[in-house]
Structure formats: C-alpha cells, structure tokens
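Two complexes follow with chain A in common, the first pairing it with chain B and the second with chain C.
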Partner chain A sequence: MDAITIAVQLLNGVQYGLVLFLVASGLTLVFGILGVINLAHGAFYMLGAYLAWWIASYTGSFALALLGALSISFVLGLLLEEVFVKRMIGRDHLAQVLLSFGLILVIDEARQILFGKDVHSVTPPEWLNGSIQLTAILSYPVYRLALCLVCILLAALIFYVIQRTRLGMIIRAGAENRNMTRALGIPFDTVNRFVFAGGIALAALGGMLVAPISTVFPGMGDGMLILSFVVVVLGGIGSVTGAALGALMIGLTDTFGKVFFPQVSSILIYVLMAGVLLWRPNGLMGKAP
Partner chain B sequence: MNRSLTQPTNLALGLVLILLIALPFFAPNYYVQFASKAMLMGMLALSLNLVVGFGGLVSLCHAAFFGLAGYMLGFQSPESAGASLWLSLPVALLVVAAVAAVIGTLSLRTRGIYFIMVTLAFGEMLFYFFHDTKIGGGSDGLYIYFKPEIALFGQTLIDLDNSRSFYLLVLASLVMTAGLIRGLVNSPFGHALQAARDNERRALSLGFPVFRLRLMAFILSAMIAGLAGYFSAAQFGFVAPQMLGWHLSATVLVMVVLGGMSSILGPIVGAFALIGLEEVLKSAFEHWKLIKGLIIIALVFALPGGLQQLTRLVLPKSEGPHTGKDSDNQPVEADHAANLGSLSDPMTGLIQPPMTSANAKGLQHV
Partner chain C sequence: MSALLSISDLRSFYGPSQALHGVNLEVKRGEQIALIGRNGMGKTTLLKSIMGFMADRRGEICFAGASTLKSQPEDIARAGMAYVPEGRGVFGSLSVVENLVMSARPGVSGQQRWTLDRVFEVFPRLTKRRMNGGHQLSGGEQQMLSIGRALMTNPDLILLDEATEGLAPLIAQEIWKTLGIIRGEGIATIVVDKDHRSLSKVADRMVIMTKGEIAFDGTPATLATRPDLLEKHLGV
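Take a look at the complex of A and B:
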C-alpha cells in the first residue's frame, strides 16, 4: 500500500463523510429543534435520488434535476410538517416512531408506483465527467472532487446560518429551550416548518449528489438512515459540529475498514459507536439531559 | 393477582382459549399454519411490550433477537436430521441472552431518542453481520431441512412436522409466556420496572437499581423474542437476514400499540389484527403497503390507545381483552393529566420542559 493509494482512500473517506454530514445534519437539526425523531429521513434520501434520476432522464440536465428535485423535496417537507409532523411535537417518541414508519411505507410504495423498483444510474454533467490522472495507473474522478467541494461549501453555509444569522440564533435558542423561545414571542412554528423542510431537503440533496457515483436503488434509504443515526449518536443530538465530527469519523472508519479489515468492515462503525457510548453516552458534543 | 380481572373477562378468556385449542381439529391446514404464525408474532409482540409498555423503553432491535435465535437453530440443524430441541433451544436462547446483555448494557446508558437510535443501530449491526458475511449463507439465508426433534430416550414425544402438534406446542408456549409476563409485571420486579418508567428520578431516589432492572427486563424480553424466532424458523424451515431487519421491529411495535401497551394480552390481539389485516390487504391490493402505511399513520392520530380505545368508545363500560391495571388505562384522560402535570415535578417542585418530563414519564399513555 503506497502513499498514493492511501491518499485516494483518504479522499474517498472524507468525501463519504461529507455526504453523511449533509444527510445527518438535517436529521440532527430536526431532532434538536423539533424534538421529533424522523425514521423517514432515509426515505427522503432515496426519494431525492429517484427524483434526480427521473428529472435528468427527461431533461437530460443534471443541474435541472438538482434544482427540480430539491424544490420538490422542500415543498414536500413543508407539506408533511403542516399535515403530520406539527402534531407530533411534544408527543412521545413512540408515536413519532410509528408515524415515520408509516411514512416510510407510504413513500416506498409511492416510489414503486411512480418510478418502479429498477436500479438506475445518473450521468454527471459533461464537464465533471472526467478523471484526474494521479499516477500511471491511478486516477480520481473529477465528480468526486466536485462533490467534496459542494459539500464543504454547503457545510460552511449551514455553519454560517446557524452561528452568524438571526435565523441561526433562533434555531440555537430553540434547541436550547423550546418553551422559553416561544415565550419570548419568536414565531417558532414557522421556524419549525422551515427547519423540517430544510432537513428533508438536505437528505434528498445527499441522495441526488450521490446518485452519479453510486446507483439509485430502492433500499438505499435504509442504509443511509442507520448511518445517519450512528453519526447523530456519535456527535450528540442537535449538534451540527458533532454531526460533522461523527460523519467524518464514520466515513474514514468505513473506508479504511474496507481496505484493511474487509471481513469485519460492516461491524466496525458499530464498534466505534459502542466505544463512544461507553465513553460519552450523550455523544461527543452532546449535553447531559 | 389482578383484582380488576372480573368474572366475565375470565370467562371470555377461557372461551377464547378453548376455541384456540379446538381450532386445529376443525380448521383447514392453511388456517392452522396461519394461526401458528400469528401466535408467534403475538409472542414477539408480547416480549417487546415488556420493554416498551412496562419498561417505557422503545426498543427497535427485537427483530434482531428474533432472527438471531432462528439462525442459531439453523446452525445447529444437521443436513440430514432435525436438531434436538432439548439442546438447540437452550443454546439459541443463551446466545440471544448474551447478545442482549451486551446490547442492553450499552444502549441502556442512553435515554429517549438516543435509546431508539442505538437499539436500531445495534439491531442493524446484526442484520448486516448475517447479510454481509458468509456465516449464515449471506443474503440468501439458510435452509433448515428438518424440524427440531422433541424426543426422550429415542422416543419422539411431539412430532413438529405435524402442523397440528406444532400449533398446539406454539399455543402452549404462548400461554406460558403470557403467564410468565403477567407474573413478572405483578411481581415486585414488575412494579419497580413500572415505577422507573413513570418517574426514573423518583425510583432512583427510592433506591431501586433502575439500570439493573431494565437490563434484566431487556434480556428476558429478548429471550422470549428468541423463543418466538426459534419456532418461527422451525415453522418455515428457512432463515434470512430480513428476519433481523428493523422493519420487522417497527411492525411489531405497531402490533403492540394497536393491541394496547398497558395490557398483557393486548399485543397478542394486536398481532392477530395486524397480520389478519395484512393478509386481507395483500389479497385485495397490489400496493397494499401504501394502505398499511396510511393505516399506521391513522392509528397514531386517531387511535393512540389502540383497539382497546375503540372498544371503550363503543362500549364505555366494557372490559376489553386486557388484564392490566385499569387506572392506567385511560389514554385520553392520562394525556390531559400529562399535559397539566408535566410542567412541574411533584417530587422536586422543579419546573421542567414537557419533553424531558414526557421522557421520564415513559410511554404509558400512547
């Protein structure tokens, strides 16, 4: 194993971690601010990928696919918040688990009706479709690099919004103390709605961005849901910094696990989670309840 | 024992039991097998309710224990004969208990949303373990060609190939597990477990070893789930990773809520209702899962107390098929009480946000 291979794997791990962060940050924000556990998060990741494939196959444009799928997911998020999730705030977790499980079944079946259950692939735009030659035999796809860049920009945007804007201040205050924030006259219900829709959109965006480098298949949401859960458990509920940390840890552990311990690679991230639970049961960045 | 168990309920339970015993002697084989399957799901729901209903812990990894026991039977079954039940069942249950002890020790360090996510993650770890490695045949699963043998001194006692004997054995196991859980719930152990569900801080300050109580309940319930999984694998002669997947865990959770979590037998009713419903939907609609999903969503909003709530709406004074404490059995009133009482903790007088209070109170009034 030479330095170049390790560098390529490192890049893969970071890229994987960045996508995980995108999806998990949406999940952790919805947990932290609405106090709602959303098992259907992975289903939106899958839906985003299918929407992108569907729009791309009609228009032939990846940019249009991104834009269209993103808008559809955001509007869907707003609608779901208004109809279902709003009524789940403050109810116990069991009701939230059941509601989101019901949503998964509905979304899965709707996807089956609309798009079928075939496996698809999405072609990235022409100018991102090449590879960079690293050595005589090794090359790295440009799209993966672009993906890293987009994820880093999005992560920076998320951090900027949360740390530096008034909306972010409200979000942080809401995560800290929901009732107090509401008592201060903040239009919290509107904030809730946009946070939920934003979280859904982030999950869907993760699915769209990954579509060109993996395949689009029905079960893709389930795996992502579990991984995002592990990320949130590692990082601590409601902490976007924690989600970033957890996502990079999982991305690197999984990538290098597959290289060095292919036999047990699928177990490694859970061992990592178990270790963190023993050390800090509320996650790396989580506060004690 | 339970004083609220009134005479008519006893009578009704006895009648149902007699009907269930008689069923294989007049019903066609298909229905006997279907009822066996439903009873095994009922046993799984029963086990989950010990943790969810009486422990206030929403576990999403019980299917993993169910499937793990199934795989354990698969591993112990020789190619050309059945495994001996006397050996293979205890081994399967012990393995499940050991795994549950590890998962429980780790997950019970967490609360609320964390507990749900951690149990889900560990359950999926077992799923991927059997899915990705060759140990259990990977994603193809494992065939169990011969049903386990129940023999004494070379003499077969119960022939499990006979679907009637199999049904009766499953029924007997279900009745015994229900009795065991009822005894547990009404024992000092069960009372302490429910006290910890209702107010963890109070239970701790009264000196209850809350962590150990919960861990014991978790392991016991995993073993009962394993018993159901063992028989399930024996019935179908096949185990696959899907048996361990979290979709099954969530479906069983639906059964528990549908049947009513505050009662002991409710989950069994929920299992029969949901499995029956699925069977009807499957035969009537191509996209039956869409309807199943919508029904689950409707259940959450319209019938949070499950079918018991429905019977109470129709017959305000009637006794449903439950044996739990009636005082805890009014989800609508309890909800109001929770909303009013959630702002201050009677023990400490501290004002706390409703969410943490809802966590501490557990899930008794879903």
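Take a look at the complex of A and C:
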C-alpha cells in the first residue's frame, strides 16, 4: 500500500469523522442540556437528505436545497420541542425512548407518504462535481474535499458559539445546573427549544451534506443513529469537544479498519468504545455523574 | 412606601409534607432582613418559595407589585430578584468572568450600576482569579462569585442563603462588609446565617423562624432585649 492510498484513506476517514461529528454534536447537546435521549436523531438525518433531494429535484439548485432543508428541519425542531419534547424533560429515560421511538415511526411514515421509499441521488453543484487527479490512476472528488472544509468551518462555528459567546456560556451553565440559570433569570425553556432545534438541524445537515456522495435511502438514519450514540458515549455525554474527538476516532478506525482488517472491521469501533470506556468510564471528556 | 416583597399566609409543601405553615413577611425597598433559626425550621424553604422553586406554594406572595405565587423562577428573577443559594451554585465549568457575564443584565428600571469592573472592585480577590474555572475557587471565592453574579443582574432584592457557612472568619468579615455595600446601594436583602451577632450589626430587622412559622420579627435592638427568644429558638 503506497503513501497516496493511505493519504486518500486518511482523507476519507477524516471526512467521515467530520460528518459524524456534525450529527453527534447535535445529539450530545440535546442529551447534555435537555437531558433528553432522542432516538429520532437518525431519522432527522434521513429526513434532511430526503428534503435536500426533494428541493434539489424541483429547483435544480443544491444551495437552495441546503437552505430550504435546513430551515424546514429547524422549524420542525422548534415545533416538536414545543409539542412533545418539552414534556419529556425531567422524565425518566424510558419515557423519552418511547416518545422518540414513536417519532421515528411517524417520521418514517411521513417520508413514505411525501417522498416514497425510492433510493435517490443528489447531484452536487457543477463547480464541485469534478475530481482532483492525484496520480495517473487515482483521483479524489472535489465534493469530498469541500465537504471536509464545510464541516471544519461548521465545527469551528459550533466551538465558537459554545466557548466564546454568551449564549454558549448559558448553554454550558444550563448543562451543569439548570435551576441556577433559571434563578438568574435565563428563560431556559427558550434555550431548550433552540438547542433542540439546533441539534435536529445539525442531524439533518449531516444528511444533506452526504447526500451527493452516498445515496438517499429510507434506512440511512439507522446506522448513523447507532454511530452517533457510540460517538457521544465515547466522547462523554454533553461534551462537544468529546464528540469531536470521538467522531474522528470512529471515522478513522472505521475507514482504516475496512482497509487493513476487513474481516473484523464491523466490530472494531465497538472494541474501541469498550476500550475507551474501560480506561475512562465516563468517556473521553465526560465528567463523573 | 409600599413593600417590595409581601408574603401572607404562605404555606409550602414537599409532596404531602408541609414545610411552611402560614408565613407572613414584608420587605421594604432597600431593607436588609436577617433570617435566623435552627436547621430544618424552613429558612431555605422560605427562600426557595420566594424564588419560585417550591412547586406547591399557597397563600400569597407579591413582589414588585405583582403576584408571583404561580410564577416560574426565571420570571421572578426578571422582576428583579436574585438568588445566592446554599452551596453557592457556582458554575464550575465556567470561568469567573463567564459566571459573571452570563448573568449580566440591566435591572428592572434599566439601572446598570453593577458591571464586571464594579464586581471586581468590590471583590479584588476575584480579579486575580478571573480566568480560573469556578471549580478551582475556594469556598470564600465561590461565595463572592455567587454574590457578584447575583449583583450582575442589577436586582432589587437578593436572597442570600447561608452567607458565611464554612468560611474562614476573615473571609466571613469580607462578606459582611459586602452586605454593607449592597445595603448602601439600596438593594434589599434577605440573609440567612448562623452568626446572629454579625447579622444584628448589619440588618434592619431580625426574623426568627421555627417549625415553618415566624416566631419573631423586629429590630436587632428589640431582639437584644429578649435573650429568652435567642435561647429558645437558636439555643444560645
């Protein structure tokens, strides 16, 4: 195996990890701040991809598809928080699992009614549709590079908001001691609503962004949900930094596992998770409960 | 002048068990009230009820001219109340500056007398620790931060639970001095502490609680003439 192939796999692994981070950061924020387990997170990943395909097939514009699907997901997140999720805050995890499992069924059925169950593909914009020639026989798609760049920018934005803005301080404070933030006059219901909608939007965005390099199909959210939970647990519940570390580890392990150890690649990430949890039972950046 | 806070026949419940049995209390603007009594007599429950944290509270609580009996803590806080809880409630994962900035807002009438600089001026110890995480602070520093954070909301009333509990005497002195500054600003306070002597030097009124009721409400001078009450309700 030559250096170029390894470099290509490294790029693939990082890119996979970055997408995982987008999706898992939404999950970890919702879990860390609202204290709600959202099994429907993967369903929104799938919904984002379908919405992007649907809008793109009408307008022919990938940019419009992203913008439209993102807005729809965010508004849907606000609505769902207000109608359902708000009632789950402080309830036991079984109630939350039941509700969000119900949401998966409803979202799947809605997708069936609106878009059918066909597999689709989304064309990236013209200027991103080429490949970069690496060697005489090896090339790398421009869209994948652009995807990495966009994910890095988004990750930087997420970190900036969480670490540097007053909203981020409130979010971190609320994750630590919700009642204290309320006693300081922070309307936490509103914070919750926007964090949930933001988390949903991140999941959907992950789905939209990978739509051009994978296919859009009904079950695409299921695997992503499991992987996102692995990332969240690996990184430490509620920690965005942990989610970033965990996502990159999973992305690289999975990609290189498929190249070097194809026979056992499917269990490698779980071995990694088990190993990390033996070493740090609360995850990489997790705090003791 | 009408009362800033007026409580009448307040009864609060933890599930089926009643913790407050008809409390009546008035706090005027700028008034400093010392709340004393043995452990488990309802002092913290009274503060929690005023702040809106007791879900089951009956009777009447009026703050700044409106009933807050059914209000949520965040709405009560926005009406001009701030809370320094027992245990301080400092956000450990936030730096000192972040703890202060996240709560900052102008007061109900738009007053912005309390700023980051002003808090650091009152608590010079915190200045040196400004970039430290809340969890790295000593108990005294945490208490100063918690009071500073409450002041950053430019409140009209501060509820201060266990003001000097577990603090070294010198640090406790600083807290008492700060209470003097807060009083000078015209901010009303309800202070809970075990040190009734220090309290009687700063407070306008002393209120003794026993078994969820108010047993005494009067000036420090009046209380000084009633050693029997201190003996009975504080065991001193």
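As a working rule, the second predicted complex is superposed on the first by the 289 of 289 C-alpha atoms of A that agree within 3 Å, B and C clash if a C-alpha of one lies under 4 Å from a C-alpha of the other, contacts with A are read in each partner's own complex, and residues count from 1 in each chain.
Note that in this section a residue touches a chain if its C-beta (ideal position, glycine included) is under 8 Å from a C-beta of that chain, and two chains touch if they have at least 3 such contacts.
None of these values were measured; they are calculated from a predicted model.
When the two structures are aligned on the shared chain, A:169 is found in touch with chain C, with no touch to chain B. Contacts of A:247 after superposition on the shared chain: neither chain B nor chain C is touched.
By the touch criterion defined above, A:106 lies against chain B but remains apart from chain C after alignment on the C-alpha atoms of chain A. Of the two partner chains placed by superposition, chain B and chain C are both touched by A:179. Once chain A of one complex is fitted onto chain A of the other, the partner contacts of A:266 are limited to chain B, with no touch recorded for chain C. Between chain B and chain C, B contacts the larger number of chain A residues. Contacts of A:234 after superposition on the shared chain: neither chain B nor chain C is touched. Judged by the touch definition given at the top, the superposed model places A:155 against neither chain B nor chain C. According to the touch criterion, the shared surface of chain A, contacted by chain B in one complex and chain C in the other, consists of residues 177, 179. By the touch criterion given at the top, residues 166, 169-170, 172-173, 176-177, 179-188 of chain A touch chain C in their complex. Considering their complex, residues 52, 58, 60, 106-107, 109-114, 116-118, 120-122, 124-125, 128-129, 131-133, 246, 250-251, 253-254, 257, 287, 289-290, 292-297, 299-301, 304, 353-356, 358-359, 363, 366 of chain B touch chain A. Contact residues on chain A toward chain B in their complex (touch as defined above): 31, 35, 37, 39, 84, 87, 90-95, 97-99, 101-106, 108-110, 112-113, 177-179, 222, 226, 229-230, 232-233, 237, 263, 266-267, 270, 273-274, 277-278, 281-283, 289. Contacts from chain C toward chain A in the complex involve residues 51, 53, 72-74, 77-78, 82-83, 85, 89, 91-94, 98-99, 101-103, 105, 149-150, 153.
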